[in-house]
Amino acid sequence: MDRRFKARLDARFGEVLRGPIRQRHDETEMRIGPGDVVPVMTALHDDPAFRFEFLADLCGVDTGDVMQAVYHLWSDVTPDWLRIIVDGLSRDDPRVPSLTFLWKGAEWMEREAYDMFGIIFEGNRDLRRIYMPPDYTSFPLRKDFHLPDDAARSPGGGVRHMEQAHLPTDTPAAAIRRTPASRQLPSR
Amino acid sequence: MSFVPGLGIVKGMAITLRRFFEPKVTIKYPEESPDVAPRFRGRLQLLYDEWGTLKCETCFQCAQACPIECIDMGGIDTRGRYHVHWGPPETYGERREESALRRSGRPVPDRAFHHFQPVDLGAVDTILDEHDHDPKRMLEILEATQSAYGYLPVAALKQISQKTGAWYAMIYGTASYYGHLRFEPAEDAAQATAVAAARPPDASYVTALGAALGGANGRPGARGRS
Amino acid sequence: MTTTRRPSADDPRVMLDQELGVFEPVPPYPPRTEREAEFYTLGDGEMFINMGPQHPSTHGVLRVVLKIDGENVVDLDPVLGYLHRGVEKLCENADYHQCISQVDPLEYVSSLFNEWGAVLSFEKLLDVQVPRRAEYIRVLSAELNRVASHALFMGWMALDLGGLTPILWSFIERDEIVEMLASLTGQRMLFNYFRIGGVNGDLNHDFMSRLGNWMSRATEQIEANTGLLNENEIFVRRMRGLGTIDTPTALRMCFTGPNLRATGVPFDIRRAHPYSVYPELDFDIPTRDEGDCLARYLLRVDEVKQSLRIIDQCLHQMPDGPIMAKLPRLLRPRPGRAYSAVEGPRGQYATYVMSDGTDQPYRMRIHDPSFIHLQSVGLLMEGNLIADTMAIMASLDPIMGGVDK
Amino acid sequence: MTAISRSWNRLTLPGKVIFTVVPALVVLTIGLVVAIAILGGPALDLVVANLPIVRFVVAATAILLMTIPTAFLIIYMEMKGIALMNLRIGPDRVGPFGSLLSVVHGLKVLMKEDFTPTGADSVVFTWAPVVVYLASVMTLLVIPFGPGLVGQHFQLGLLYFFAISGLSVVGLLMAGWASFNKYSLLGGLRSAAQVISYEIPLVLSVVGVIMLAGTMDLVVIVENQAGWFTDWYIWQQPLGALIFFIAATAEANRTPFDLTEADSEIVAGFATEYSGMRFGFFFFAEYVNVFIISALTVTLFFGGWNAPFPWPWPITLDLNPGSLGIGLLFVVALVPLALTLILATPFWLVSSRIKGWQALVIGFVLANLFLVGAVAAAGYIGFDWVAGLAWFMLKAYVFVFIFVWMRGTLPRVRIDQLMNFAWKWLMELAFLNIFITAGAIILIKYLNPEALP
């Protein structure tokens, strides 16, 4: 536990914190709101006093009533893992700014969080499902996910063609992706 | 990469040529078998004795030792979650059916469970509260449970296991050790009394045994083995 | 063959619901994101080629859609999920002991590190003090597993470049280690050896004799195996300068482990954020500055030597004592969150656990390095050839079991 | 009618066989005798009149038949050789040391389904393996296996060789294009680029030898190298031999230049969609190609059928079995028997544990070995072509082993490196070789006008 680090975080980000900074073992935990993600993260990444250049982990959490996005950062200025919990995302439309402008590698982790929790990371260029099939509609790691319901909702119930046949002539690209109305996905 | 072009390739070729003549590591499996480590954990298997009967006595020791509770004797799940039954193979067919039901999300009828009556577990909770959920006072808890229900229902034992954190196997062992605890309702009291009356007293067994062995109570006499 | 035939009943093309055409790996729905629309629009003279999920060198069931222009790869789009088992969801429905065997098959060539990450976070959550002997046994077995994993990597790397022999030599090496670990843990692949608060079994005679036997010739054997390719002109020319990534980009791509160290950053969680008994052990963190495929390959060769050093020290410093902490059978940690990371052969294996006071984790997040590294294949691929896709992918060393979780 | 069919139905199976086969044989025999009596003379005349054509047909058939066991042998060598380098045992189940495994593979390939993918251009798809196979087999026609053992003696044998072997690229392109598969297409185009690029250094590297020999006749080239092994062209053309070997490796699509079927990149290249015997043709053609380039390397640079040293003892075996007269019968009847008994006796005498029949079996085996050795030695001493064939095959298979060895060791090169290597290095070196050779020839002729042809 690095007490001085806690004091520095308090001094720097005191006004945006949602709740006190907690420390346990080798972890320092702070909670912010979704509106403060960009300035806080930019400051942590760029400020020479912090130098958090490693994004160790990014994941979503469903607490049952709100959604959270959890970031873990590492820096050589402190021996602690820094955990940043972006709290208070609504369950119906969880939205949080994407971190891909700082860490390009966050892209797939955000895609995973989107796939599993439905958290929408605004600014991610490629926010589509990564593990589940593209026509899947549930978010399996949410706490209200129930497998029989999900099975009843799943489209097709059979083999889906991963590849579409089209004519080998010089068909324009727009025509290639012509999709029958029956197979159109409902818009998000 | 060396300064002479091709030298690295020649070195590699030399290594392969040397390996060409070295002893080989292949184990020709059906003819020779590899030496398996003594600690190797392979597939679990139930053993049969020479008369073809199952040696398993459902003593629950293996279930107790299993770290992730994948072993379960007799088809009754200890935790009510995973029905990874490990039991005699005669019941594979019905398990396949169960598995299909489970995958489709429908409730699985547990045939081994149907004769255990559903009981109201409120009494158990009160008893446990009285005894502070302390597994060390298991005998008292079990006695209280028996006085509440008249016998020890399996559901009550599972509830006790769940609440106190004691192993089901341990509770079962405790309950089966003491003669005054029983697992079935004492509905046929008359028959039980008749059986007890027809049974010779314990002392007669000891006497008969001692007589057969030729010493007092089966112990060797003063002259050693006669 | 421009003649039009009336299709007979057993003509396979009647089974197709559309007119016979070229099969393109284009998804049959409108593009969902900007990036997808951009990728699935063909430029002049470009074509798609679908690599995987069944392909000799995608290291598992990975599917990569390549957009190629002749032999040049213009862009690529990895499609994951063919091995997705939902381990995080499974762990939420298992208790803490059971989670260990659930995370085991994630990165199946280095299972012990998966277990270690999970076990470490549970121990943090429960405030358990692990006995020192158990810690040493953990380090010993995990470093052995690292050597096995790196040995396999060297074989795979060569196999993807077309060399037939090194993969078998490295399997010989791996098989010895795996047999050794089998005599310690009881299993060859999914060890299920670490327990919360210690390890499952103590060192035994069989393991020690096998280990001593192997240690006596490990160094020279690995030297001989790598000597086949390390100086080979064809190999070096193909690998040098291929898939180069510089330090800032590597940090932006969240690289960890050998792939990051190959760009010159001496970031190793064993030193940067020490866990277990690593602070007591003496070893170096090898780094290389080039950041290309050759650097990643050679760095792993160096790491094997460091691992052998650590194993040697573990054997000499092994303390006596218990191998398990005293713990109740039923674990109910108080509500809280814990994050822990270990340095695996591919980078940072991290586990983030939330407890709500019951005997099951409320949320368990598994962070796998292969997943992170695989996403940068597209970045490293710019302007390279089809053959290099394999080399670059192999040099990042992803394991699909971990990528798909 | 009914009477015949009823009695026919009463026959058992052996009876049916005998009743059909025996009359057929009788009729055939009589017919043959009559036909030979009537047509024998004119037919023989026809053969004698068209001897070159008959010779060509016989040679072509023999070579076509020879490729199959050659391919089997090389496949076995490759499986076993690479296995041994990998510290494996390799094939060990079928036949002694697994030597029949490749034959069994061949049978397996015959039994597999012959599959044509939907959308493939079926005519081209079917003919592609034939073209590839014939292109490699036809080149064997001009290889001199021994003195007098050459399929067709061409003045322009070398030119013929390069012309025909260039045909195989057409087959590979056909296969790649007709398969209706992008991997196949890539493989076909790669092979076209690679084979055509490497044709140039391949041909240029041989020009030095042609200049030294003064001819493109392979038989003459071999005869020029007779004598000690120092007379081989490898000593006069080391650079040419190296370039030839590298370019020929690429020409035969062998490791490290096996880009056309790079399994880790483009699944199996042009052969991805092929199955059954069509794939078998590609497979055989590849291994026949290995043999051919080994054979040509031996022919051009390593003395062909010539022994590395002249036979030190001028023994001439003048055996005429006919001179023995009726004694020949006795020799044929008695020598094996006597040899068996003579060789069995010591075993029978030495150990009482060896029974009489066991000693006889040992003696029989030893006698056979001895006789085979004697016949081989007699053939080697008595007949030029036996000695030539033995040396030729020995040398050729040494090179086959080198190919196997390289396959076990080397990784694959990349396509751009491959092209760079051909155009920027090999071709320049080949030209350099030609200039050096030409300069050397002029110099030597200037110094000693009688030295070279």
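Think of it as A, B, C and D in the order they're written, each chain with its own count starting at 1.
The criterion applied here is as follows: contacts are C-beta pairs under 8 Å (C-beta built on N, C-alpha and C of every residue); 3 or more make two chains touch, one makes a residue touch a chain.
This one's a predicted model, so the numbers in the text were calculated from it and none came from an experiment.
If you average the CA coordinates per chain, which chain's centre is most distant from that of chain B?
D
In terms of Cα-based centroids, which chain occupies the most central position?
C
Going by the contact definition above, tell me which chain pair has the most C-beta pairs touching.
Ranked by contacting C-beta pairs, first place goes to A-C.
Quick one: chain A and chain C, Cα centre-to-centre, how many Å?
Each chain reduced to its C-alpha mean, chain A and chain C end up 22 Å apart.
With chain centres defined as C-alpha means, what is the inter-centre distance between chain B and chain D in Å?
Centre-to-centre distance between chain B and chain D: 68 Å.
Let me have the rounded angstrom distance from the C-alpha centre of chain A over to the C-alpha centre of chain B, please.
Each chain's C-alpha centroid was found; their separation is 44 Å.
If you average the Cα atoms of chain B and of chain C to get two centres, how far apart are those centres in Å?
37
Touching two or more other chains, which residues of chain C qualify?
Only 16, 20, 165, 169, 172, 228-229, 232, 234-235, 237 qualify.
Got the chain D residues that touch at least 2 other chains?
Each of 85-88, 408-410 in chain D touches at least two other chains.
Any chance you could list the residues of chain A touching two or more other chains?
Touching at least two other chains: none.
Give the list of chain C residues in touch with chain A in this complex.
On the chain C side, the touching residues are 16, 18-36, 40-42, 50, 80-81, 84, 86, 88-89, 92, 124, 249, 251-256, 267, 272-273, 336-339, 341, 348, 350, 352, 354, 363, 365, 367, 371-372, 374-376, 379, 404-405.
Quick one: which bits of chain C touch chain B in the complex? Just the residue numbers, please.
Residue list for chain C touching chain B: 93-94, 97-98, 100-101, 165, 169, 172, 179, 182-187, 192, 195, 200-201, 204, 206-207, 224, 227-237, 328-330, 332.
Under the touch definition given earlier, write down the residues of chain D that touch chain B in their complex.
Against chain B, the touching part of chain D is residues 81, 84-89, 92, 405-406, 408-410.
For the complex, which residues does chain B have touching chain D?
Counting only chain B, the residues touching chain D are 9, 12-13, 15-17, 19-22, 24-26, 28.
Report the residues of chain C in contact with chain D in the complex, numbered from low to high.
It is residues 1, 12-13, 16, 20, 47, 49, 55-57, 71, 158-165, 168-169, 172, 228-229, 232, 234-235, 237-238, 385-390 of chain C that touch chain D.
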